[in-house]
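Okay, structure first, notes after.
Each chain carries a letter (A, B, C, D, E and F) given by its place in the written order, and its residues are counted from 1.
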């Protein structure tokens, strides 16, 4: 199988994560996956949504947005429309859910961590890049309030996400925009550092898929996740030792 | 494994589909899955969204809503809030996408089929019930405009959906609300009459899952889908012969 | 005068009220008036609107909505529009006002009773059906919190509503949709069990009317109300004895 | 019966109509009924709502708004809330419907007449003052496009509105704000120059009313309407001759 | 330079301020500048925006709106659009900021003064008329709560505003609508009784301007301000002595 | 006068403009002024707002937004609020107006150029940075459609903007956020390459200012503008020769 940009079927695009990209946020990262670029900012807020008040538990919530010219044709700002689109809602719910799966919300206490994922350039895979980049911002934000606290660090495991799909030529990892447009099946995988699934979302709008194809996608996806976890660890350096460990 | 209502782990609740439940719609069904009740109405509109104008292709779109007292505590009407929640957006996008996978949009021509799924009573599995019930409404609606047209009927295959999850006691089919609240993993499956996947959405907010567990859920889910397909066929009677066949 | 469906000028359509139609609501009813079908749900909430806080008085509020395919052509969901139409506002204000007239709000205490009226099928007279059906749901909801309380039951009197109009052929009771479209004058009456008026709303958009015609409409309307009161009493059975009496 | 301001039970407050109050509108009036002051502006627009396109018929539509300090305590601007309240919707629908009843919409042709009723000061009876004042603005607006056209003038009859209610002391005409707050029954009447009813809206939120009381209110109301019709005719001067007559 | 209405280049239109124009507001004024007419109402509210709670300081906030037929062609009500336009936002921010500059917010204490500026007729210069008229309403409102308090009156200085522009024929004071439409440069000036600037807003959408032209506009504007200050003082009569003085 | 960051009173922060920062936009720039960072994207659209249809003239319009963590404390996304704040409206109107002043809208033809200004980091002066950076994006965007067209290039002159204010220590150029918070007077200047004013906006919310102080601010501001114009020219390189010249 030959891909437009010469990659192998199971090869990620070049990934770069710039830690502490922003001056004011408690944690932040610019993640670049090929031409896809997402700014991820983590904010710690000393309150929780109404349903958690008084429970002693915290929350993690995400917001996602495309800059108007992150895309080939300008997309109208949601602030100008006066409402958030269905696609955005779906993506921000996914990001929040994914990150909550590796956070000990009780240990966090009654705080909310907001993850703002703003897409500067969109060339496919923005939601998975947002999850992978947000994880780095989240670790820094938690560290900013945890300091040398000897209790177990509230981030329990690593977390990364990747897309994988079935192109006319077969299963392919990390689809860029032009591939995504022609994919028969599109799947997003979110997995932990210990190799377990957090989300498996496979959709066959242009076709359907068999159990065999599903398994092939899961195998190729898990490989991509492993490569992303390595990049996260390298980016976080020494801090990566705190994840999943006592303080 | 013992379930609250005495069902076996791989057993569906009682399912009943009342065809042509509404007087005015081109197709309609009331689907009852245990205490979950959803009214599905199909409307045919002689126009398409802007991105399809002039292409000769049609579209299928869905809307989903909970009646305020479909739930244990009253939920605020989205019309009163002035906006649709993220959960609703996600569900209606799923329903639309699922039904489009079995429709030949070119054969349909420049028409939109709207599927309105209104939940009268919600006891878990409303989105999957909505897909299964909407399929019946859709077939009737397409038949209302297709008549004795000799060309292949635009509904290419059967389609049903079911939930399956991992409860503290193990994998279970068709979760009711009280089970859903305690599930570690929640998965929604949409499959065709020919046994292929259209959507696989597994989410582990309260925990993560392994490949083995994923496979077990897929097996149990496929069984549930088969039972639902039989009920759809029985409900549609003779009309079920048109699905996937020449006119 | 001959009517499309063969009824006499002063004859109601067939009316059926299914009590406790919903599983979770504190009171509920499905009312069917000919092909018009409305689900009425009563919810008791332990708070009141800001203007009543600390007064010891309760409130009754209503919301009304048409399901998209309750009507001949699909009507756009108000949640999708992002706002409630003027017609809906007017109807829900009418329903709330009507039911408040027979409730002892002081005896109720600082609680709000919400009445959700969702029209499943609309063939004329949905607002009056909503009032008549909501009354039944309201009595059950009040009973659910009143139990064997020996104080006077807070529902002070029965309440029903009916439409009456001037058709080209003369005054007619309980207009169905096709009659409503051609009516010269349209009037909605809300009356109590003791035969007094709560609301008289007569509108002559396609014509005007004289005092004599007004009186004729009031007479025919009062007859229809009496028939509806009988059906409510039969539906409520023994519970109907509590209305307007000491506990 | 003694009223707060010394009026007789069947006496209007002082009414003054200033014709052509605004420089730019096609027709306009400032109506003062005691301390209630409403600016009524009529605009002629060369298009109609979608449901009338191509029918050759025109439309009359009204909008109503309270200035923030027209009332005793400041009311929040609907533009700031982002939505129109239910009360406003109900009032503007009433004004539009009332004025349409005396306009020959076919003779008007495909034009919309907008009536903007802005309440500068609110001391009860703003909706009826808005109708009575808007009628004057409407006649001027129609005259501005009709000129010396020999066909029948499209305003077919005079139209005025008044409130009447049951106070603790008995039936009273034209309630001011302090009376309105204590009224047991509140009724708005809209009548034509020929003494026929266009709207009868009686509401008993604080009590109920009998047929006898209804008749008494109708009699007193009709008297008030007659006095208002005289003031309209005087205000319109010579132009009042065109109403209901050939050009 | 000859102006359409015969004024000299540095001449104001006729200005009239009617104090206490409204019955309920704590302070109010109708200001007429030629055909421009604005109702200004001041309301005192016993709370402050969140960012001032507990600081002991007060706030002044303004809202501005055009009546639909204040303009040559009807402008759509912002309540109907569901949102406030950018132009309105800009104007109400300007009015609030301007009036805050002459109020001692600490002396006011934790109160908000709302200024509602409703334009009845718009013939150019509505925002500057709103500021000049609101100042009068503000003084009366502050006086209503200050009474004979011996501390310094919280209104520290007089404040007025005027427009000045560069027309094809040269610099001109107080532009009416037709002049405004052809102006090359448009400037709004807000100045205090002691001759200092509060706001200088010069905009050259149809052209640019030099330092010399800017100075000429400032000189002519200051003259206009002086004339307006005299009218304010005359309107306020004895009360004008309190401004900027001990109680 | 000593400034927090050691700058002289009339010294700009370090300014860097990265041309063609985005892959898809017709023109784009990242402008950095000290820690303030704004992404400016220019989009060319083949249509104009309704009021220009058929006139043959084009338009320039701007949108401005703060990323949630561009600021010290997270600011709520306008898309989540469902509306654009007054501050944003004011800023985007200013940016659009400023850029229109140097564009020959007739030469442009019926096209709209959108300028999207997204603030990645906000340390004061974001609106003036947005104007200065947008000018660069605009020139590239116009060039992308103008090519080697021999007619005069539609960008008629250079354009830059800067802030200047009165701090407790005196007049200072290019205020950073901490200075801005304590400024007595805040002024934004927009000037052309030929040294003329496009906008002069001086505001004294914490104090007032004299003519002498105004002149001092204008002098210091003009110096800052000259430095910015040099940076723009350097950034645009050869393309800067087209501005204001025949093709």
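The working rule: a residue touches a chain if its C-beta (ideal position, glycine included) is under 8 Å from a C-beta of that chain, and two chains touch if they have at least 3 such contacts.
Bear in mind that the values here come from a model prediction, so they are computed numbers and not experimental data.
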item: Count of contact steps on the shortest path from subunit A to subunit D; value: 3
item: Whole-Å gap separating subunit D and subunit E, where each centre is the average of the chain's CA atoms; value: 34
item: Between subunit A and subunit C, centroid-to-centroid distance (C-alpha), Å; value: 51
item: Intercentroid distance (Cα basis), subunit F paired with subunit C, Å; value: 60
item: Shared interface positions of subunit F, touching two or more other chains; value: 82-84
item: Arrangement of touching chains [line / ring / star / complete / other]; value: ring
item: Ring of chains, enumerated from subunit A in the sense that reaches subunit F first; value: A, F, E, D, C, B
item: Interface residues, subunit D side, partner subunit C - complex; value: 83-87, 89-90, 92-93, 97, 100-101, 187, 192, 194, 196-205, 207-211, 214, 218
item: Sites on subunit C touched by subunit B in the complex; value: 22-25, 28, 35, 39, 41, 43, 45, 63, 65, 67-72, 74, 77-84, 88, 114, 116, 118, 120-121, 123
